[in-house]
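Provided herewith is a single structure, encoded as structure tokens, for subsequent inquiry.
By letter and in written order, the chains are A, B, C and D; residue numbering begins at 1 in each of them.
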Amino acid sequence: MNADGPVVNVHVLFFAKSRELANTPRSTVEVPTEITATELLDHLVSKFGLTSIRDNLILAHNESYIDNLSDRILFKEGDELAIIPPLSGG
Amino acid sequence: MNADGPVVNVHVLFFAKSRELANTPRSTVEVPTEITATELLDHLVSKFGLTSIRDNLILAHNESYIDNLSDRILFKEGDELAIIPPLSGG
Amino acid sequence: MDHVKLVNDPIDIAHIHQLLADEGCGASSVFVGTTRDNFQGKKVLSLAYEAYDSMALKEMNKICSDLRSKWLDLKHIVIYHRLGTVPVCEASVVIAASSPHRSEALESVSFAIDQLKTRVPIWKKEIYDGDNDSEWKENKE
Amino acid sequence: MDHVKLVNDPIDIAHIHQLLADEGCGASSVFVGTTRDNFQGKKVLSLAYEAYDSMALKEMNKICSDLRSKWLDLKHIVIYHRLGTVPVCEASVVIAASSPHRSEALESVSFAIDQLKTRVPIWKKEIYDGDNDSEWKENKE
């Protein structure tokens, strides 16, 4: 992940299996103000030990799903990012 | 209705509007042991004053609907026949 | 199990949910038909149901058999119809089913209420406010 | 009205039926998801749900909006999901709707449970008997 440009702190939330692997429900992470979802996911997977479940994860930014991993995300200080393993509600 | 041949007594049940027009919930009626549904219906409509609702009536013989007015019905003594106006259950 | 009944008192919906319960079931679907206070702009004062009881029960049981032959995994089925005067907002009919997975419960209940309205010999009479005559209702197809 | 909730206690089904009641409604449809005691031959000892609460409520409310834009006559909608440990045979989710006529209530509820399973950030973990590992479940499409 390229941290040369401007960075902000975002709150990362971990759920279900990702929380068990990361061993925490949340963490504050410094991220570039602009980054593709794939790069971001790769960074978080590596930083928090989520490799075994990487292929099934999606992300939510400020409570909206990121539909395409090729999307560019624009972050502001204090934004919320969630690691979303496959759903099993209902 | 041709009552020259053998006849039996059947119990005729009237429901909803047909009961109000016939002014009774049931009546014992003498019918031929064999008759088409149409002939039977015509006879009952005329005998019990059901002309105003004739076109929407169906019959049930021993708790089974008579699907076709051209069907021949075979009656035994004590059989049950019901006059069925359009349904409105549920 | 099939639970088929004609009742004269208010239908106990919590009881119906209990009839559906089963450790092997992951889904229940419940349809409730309730009485409305209006029809084509006329205010309904009250309405009452009557049935050809023995044949109504026979047809309701046939509906249960039909459901089980189309949806093989259904566990419990409930078809209750109330007769007599039913005040506005109260349940006149409840059709419910439980199954391991949701599609069977949902589809069978929807099918069953359509079947009930076309096959079960039950009639409803509505009494209206004002100068409107009371009417024997007729289910549309 | 839309009634959307995450709860930690047993869901009161009679209360939900009351939320649906309306003199203008002739139909209510209620779907109840309950916990089963088995999965692929393994006995389920217990299971627990967790949620991304704020986003789950947001998605549940979006589902209500979607329902109202597809089925214009819906009156009341209820979406309740229970969190935490849910004993076998108890309700984990209830989705319900009321409307003047039956098709809207029946169709919208069926659509809504499909939507919930694909969009609402809630996860279920099952703990099995014996040597079987516990598992985070995954909804199939």
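The criterion applied here is as follows: a residue touches a chain if its C-beta (ideal position, glycine included) is under 8 Å from a C-beta of that chain, and two chains touch if they have at least 3 such contacts.
Being a predicted model, the structure only gives us computed values, none of them experimental.
When each chain is reduced to the average of its Cα atoms, A sits farthest from chain C. By C-beta pair count, the most extensively touching chains are C-D.
Separation between the centroids of chain A and chain D, computed from CA atoms only, is 27 Å. The centroid of the Cα atoms in chain B and the matching centroid in chain D are 49 Å apart.
Taking each chain's centre as the average of its CA atoms, chain A and chain B sit 74 Å apart.
Shared interface positions of chain C, defined as residues touching 2 or more other chains, are 33, 113.
Viewed as a contact network, the protein chains form an open path, each link joining two chains that touch.
On the side of chain D, the complex with chain C involves touching residues 13-14, 17, 20-38, 88-89, 100, 102, 105-106, 109-110, 113. Interface residues of chain D facing chain A in the complex, by the touch rule stated above, are 33, 49-52, 54-56, 58, 81, 92-93, 113, 116-125, 136-139. Chain A contributes residues 13, 15-17, 56, 60, 63, 65, 82, 84-90 to its touches with chain D in the complex.
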